[in-house]
Amino acid sequence: MIKRSLIVLLLIVTAYILYPLAILPPQDNLGNAAAAITADGVTDLGAANLVTSVIVSYRGLDTLGEVTVLFLATAGVGFVLFRKRKSDTADTEVPRQASEFLQTGAIFLWPYIVILGIFIIFHGHISPGGGFQGGVILAMAFLLIMLAFPGKALPEGFRHAMESLSGLAYVGIAIAGLAIAGDFLNTRILPTGQTGSLISAGAIPLISVAIGIKVGAEMVTILAHLRKEEA
Amino acid sequence: MTLVSILGFVLIAVGLWGMLTRRNLIKIIVGFSIMDTGVHLVIVSLGFIKGRTAPIINKALSAGDAPSRAVDPIPSALVLTAIVIGLAVTALLLSFAVRIYREKRTLNIDDISELKW
Amino acid sequence: MVNPLLMLAVALGVGFIFAWLRPYAKTAAWTLLYGALVFGLAVSIQWLTHFVSGGVSTTVLPGGFSPPVGIALGWGMKEAFISSIVFLGGLLGSIALFKTWRDTPSAGPVLFLLTIAGSIGLIMSRDLFNLFVFLEITSMSTAGLLATGRHHEGAVSGFKMMLVTGLASVLFLIGTVYLYRITGTLAIDQILVSPALAGTAGFTASFLIIAAILVELKIWPANGWALDVLTSAHPVIAALISTVHSVAILFVFYKIFPLLPPDSLLIFTSAGLMTFVSAHLAGLRQDNFQRMLAYSSVGMMGLFVTVITWTSSVYGHNIPIRIESIILGGFIITHLLAKGGLFWVVAHFKDSEGNFDITRVGSTTLGGVIITGLILALAGLPPFPSFWAKWTLIREIAASSLPIVFVILLGALFEVINLFRWLGRALEGESHCAVHAPPVLSGIALFSLGGFSIGAIFLGWFPDFNISILIPFSGLIAAGLVAFLPNRIQISISILILGLAGFALVPGASGIGQAYTAIILGSGALMLLTKMEAANKDKWQLPLIVGTVLTVAVLGAVHTALEFWTSWEMMTAVSALLIVRGKNAKKSALMYWTFSMAGAFLLLAGLALAVSATGQTDLSKVFAGAPSLSIILISLGFLFKAGVLGVHIWVPDAYAESEDDSTPYIAALVSKAPIIGLILVFYYAADAFIGPFEWRVLIGWIGVLTAFFGALFASFQEDVKKLLAYSSMGQIGYIIAVIALGSYTGWVAALYLALHHILYKGLLFITIAGVISRTQTSLMYKMGGLIKRMPLSFVAVLMSIIAISGVPPLPGFGGKWMMYSAFIEAGWTLQAGVAFFASGVAFLYLYRLIHTVFLGMPKNEHINVKESSIWRLVPMYIIIAMIMGIATMPKLLLEPIMNLVQTRFPATMHWEAANLISSLGSWNGNAIMMVTMGVFMLPLILLLFRVRGVKRVKPFNIVYAAEKPERPETTHVAHNFFAHYRRAIGVIALPRATAFWRGVAEWTDTLGDWVRQWATGNGQTYAVQVLLFVSVLYFFMRQTAL
């Protein structure tokens, strides 16, 4: 009880600390950074979606880090759940089949979800979307299959190859930026093209693709790890 | 102070309460997730400017108008990163919970305090 | 130059493909992994040399956009320095882990590499949100690595860590986005100059960010999680977290703390201090070495926060680069390499079940040397970088805030006690432990530390330090390197080393110091002859003896305050190691170490205060201008080391438990170090002792009381070495008392007494060591009647007893005579009375010494003992010859002493032929010798002729009727020899000081226990503690900021 009252008290104090922040009025003008980006974003990078410009180019290092975090989560989950003994009874057990409803639905939906994912990845620089969003959608397509057909999943080797090579591609593009344009992660190593068209915005779409594949593969791997544990 | 940010702060409080008072590891993780979501809402609410549109240059928003008619693109970008990171943290926390359950057959946080002093 | 971001890119790229590549191309994968670390190290070092040679810092802009739209990364000397040691630590750690990694999943090395990459990001990034991302990278990867820990503990502590750091990162994130909202940018450098930062919202947002970093920095009381993490993790992983990761976060703190207004710095300083002290206090109770290291790491973080915020509050933004590099650089490199090295030691010696037994480390000599070096490096002893850091830090702080100095030194005292306790355990292993291979990686770390330090000296970072002060250190190493040679060659080389050191040191010294150095070296060499007797059992002993002699000697050759402090610390460390090598000396050595260190820290506080107050570096000028408080602190430090009444409890055990062959050096030589110190202080700063507060008189009283009680305690000892130890305490008491007189006669007496003490105490210990080695006991009631078996030793003891007791004709008489004259001249008649009484008491124990050991009936088991070997007898009789010579012609010795003292005080004594004339009378040593010889020789000759008539008396044990003694030996006549005196004056002889200090120790222990119970082990409680910490901190901050 004492502990609980202490926690209540702490929450009140926390609220009190946060209060000066919470009462700040909504802003009516863009700050320095945002003003500069909205004004020069298109001429700088040629991407129609300024959010994607920020994610991939202006603050590209954040995104490289973010991909790393996701990669770490995958590696960490695998490491934490790693068992030395291979003779776990759970592995040999045949998992319960999913309902036919789910199985049929999954087979039917799977191609559409994959196509949607690919579309969102490729159009990240001209419309809402991008590597992360598309990658997650891709992963969901495979999750659906995993749920519908337990035991079936993307082959581990393929996933690993995707994870590694897409990550390497991302780093490679970043280093290419250093080699060609003089700055690490510089996306203006390819022509910016016509803003709004699919082939535009320099290396941004390439990075989006790398991110999309990487996120998709990581998510599937995390799910596969946790799924294996549950079985 | 907008509705979204109020909701965000409420979620932070709810999540924090869950994190600090629940005994079950999974519930604590859920609490953490709720708190994280609250923070994301707060971030998004900060970039929003009333009456403006998404910072995507298309027929509805010309490049010249962007500074005066688009909302702030940066918080949207930050929140994306924050969401992914939150997801990663949650995944790792869950895997720890799974491992703890596997080895100790308990999910009660009071039962896993043997490392002390 | 290579773009520094490439280090990051290469590490990330290798991290991404390692796991995939490894099954196909094992060698390539490992090559890439280690290649990434080597590449990072090479790039960092290349830049570091560039910056050191004058290159300017640069900003790296990934993507080519500068703030506010882009992210800016800083790259300058500090960044390059920290990243160099991060990569070095990472490389050594990954080598240490290679065996474990070979048969575990690839995630281990990948997470390890990415932790390092993340740390590099934390070091370089100057963008708040980018910092958040890198914080998450490091905390995710370290949490993942925890799974390598023991059983489920790894997962448990990983969960706790994620919970707490998750909470902290939420705080960080909220603060970050609101700072963006307020200032319109995420770049730290732009936020700092933004006018919007000043408001309440700006303050709150900054506060949240900094509070989150403080939690990550493991600031007390929000650090329970970190202790659990560091305890349960695989030691190499713990090293990674506590060094690489923590230092990176520390650098983040360094970058962001200016966000809060400067008024709040004091709160950070206090929080850091509390962390430092509480961690080391709690560490005192640890019986798990790895958890002790965890506490030590946490304490270090606290010290870092203190140092960073304190220097900033003094210097603002213009902290002199040299101060920053010496203090922060020194501590950081020590933390990374010494603490890392100790963690690796744990990893190296763990058995297959994960248990660590520290005695295994010392099972080989090299292992023992490595752990000794690492622990001394961590404890801040010369010549390691933390020593210079400590000196500079304390000197800087003493200039403005003495209380902080004391708090830091208190924490540091806890730490060194703690470390030495473990060192004692480690060195025990040599005798009884199966041999384990020495930890080579830790050795490399130690070597780099030493190299760094020596490099800094040669770079001229310490203009007030002459490299010759490190001669004892090289002498110690040289003597250690020849330890494999036959015994006698070794000793000859050792004596040669002492001689060479003499040539190097003596000409540079001057005045009293010069005489002191020469005498210490000479007597040390003389005493070393006794070691020729038998082969050495302990490889450590001879080098340590050489080191002890040299460190004591070099005190006379110093010129600056820093040099003095360096030699003092070296002397303390080496002599403590010499003591700890005794068979059962662990506890006594710890006590010696504790009191010596307490004294050394008082000395440090005083010296630092004096140096900063005077702005001088030369010892003479420092002392001359020193404020009274610093003089009091300095002389208190010397009194601690001298073992005066009240703090004497270390003396008997330290002397008794050290090896018999080591004791003479400690008793005769090390005990002179505080004497020369006191003389130097009084020499230059006599005026500071006279003032409204008669500090001088107080020291005088302490001296005579020490003399009295030393003599009294000595009378009640059963152990001959303890008897001699208390006797030394008493003699030192006299010397201190006459030094405190601050008069010509007093000082002549002091120097004369000190010199004699070296001679006769050395003689006594050498002789008694011979007796002990023959009889195999040091208890006096087990000896007896040895006069027949060891007549030459008997004569030696007899001579030294006469010399001590101040009976004519031997030199003690002259010393006593001058001492009483000096007391009376100064009007200290009461003190003279006590001193006189003390001499009477001294007679009791001296009588007992000769009686119970040499007279009476020999014991059956000693029927066949032989006289001491020739190697012992030769130095013994050389010393006797010197004593006799001085007794016959005291002028030879006294004249130079008087000339020396004359440089300080006007002479009040003079010579008329062989007569020494003082205001109270005269003394003619020559004549006294003749007369006494005449008076004694006649009866002796008579006796020799009548020897046939001697009737042998049979000794009887004294047993009372119907008494049935529990321990038969207690009935022996020589047991509790002065029981009657004890009954009469027993009240004042009770071990009150012992009881007092034991009480202090128990209280400290209890307090430490209480502090450590704060870490309950419950992850949720830790989260609550974090929130509590943030709340409390907020209210403190508000007080100052708004």
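Some observations on this one:
Per-chain residue numbering starts at 1, and chain names A, B and C are given in the order in which the chains are listed.
Rule of thumb we're sticking to: a residue touches a chain if its C-beta (ideal position, glycine included) is under 8 Å from a C-beta of that chain, and two chains touch if they have at least 3 such contacts.
Bear in mind that the values here come from a model prediction, so they are computed numbers and not experimental data.
Simply put, of A-B and B-C, more C-beta pairs touch at A-B. Farthest from chain B in terms of Cα centroid separation is C.
With centres set at the average Cα position, the gap from chain A to chain C is 54 Å.
A straight line joining the Cα centres of chain A and chain B is 15 Å long. Rounded to whole angstrom, the centroid-to-centroid distance between chain B and chain C, based on C-alpha atoms, equals 50 Å. The multi-chain contact residues of chain C, meaning those touching 2 or more other chains, are 129, 133, 136, 140, 143-144, 147, 155, 158, 174, 178, 180-181, 186, 1024, 1027. Residue positions of chain A with contacts to 2 or more other chains are 7, 10, 14, 18, 24, 27, 30-31, 33-35, 37, 58-59, 62, 65-66, 69, 72-73, 76, 80.
Each of the following residues of chain B touches two or more other chains: 16, 20, 46, 74, 78, 81, 85, 88-89, 92, 96, 99.
Taken together, the chain B residues at the contact with chain C in this complex read 12, 16, 19-20, 23, 25, 28, 32, 35-36, 39, 42-43, 46, 74-75, 78, 81-82, 85, 88-89, 92-93, 96-97, 99-100, 103-104, 109-110, 112-117. Residue ranges of chain C in contact with chain B, taken from their complex: 129, 133, 136, 140, 143-144, 147, 151-153, 155-159, 162-163, 166-167, 169-170, 173-174, 177-178, 180-181, 186, 224, 228, 231-232, 285, 1012-1013, 1015-1021, 1023-1024, 1027.
Chain C meets chain A in the complex at residues 3, 5-6, 9, 12-13, 15-17, 19-21, 60-65, 67-71, 73, 104-108, 110-111, 114, 117-118, 121, 125, 129-130, 133-134, 136-137, 140-141, 143-145, 147-148, 155, 158, 174, 178, 180-186, 190, 200-201, 203-205, 207-208, 1024, 1027-1028, 1030-1031, 1034.
Within the complex formed with chain C, the residues of chain A that make contact are 3, 6-7, 10, 13-14, 17-18, 20-21, 24, 27, 30-37, 40, 44, 57-62, 64-66, 68-69, 71-73, 75-76, 78-80, 82, 160-161, 163-165, 167-168, 171-172, 174-175, 177-178, 181-188. On the chain B side of its complex with chain A, the touching residues are 1-2, 5-6, 9, 13, 16-17, 20-21, 45-50, 54-58, 63, 66-67, 70, 72-74, 76-78, 80-81, 84-85, 87-89, 91-92, 94-96, 98-99, 102.
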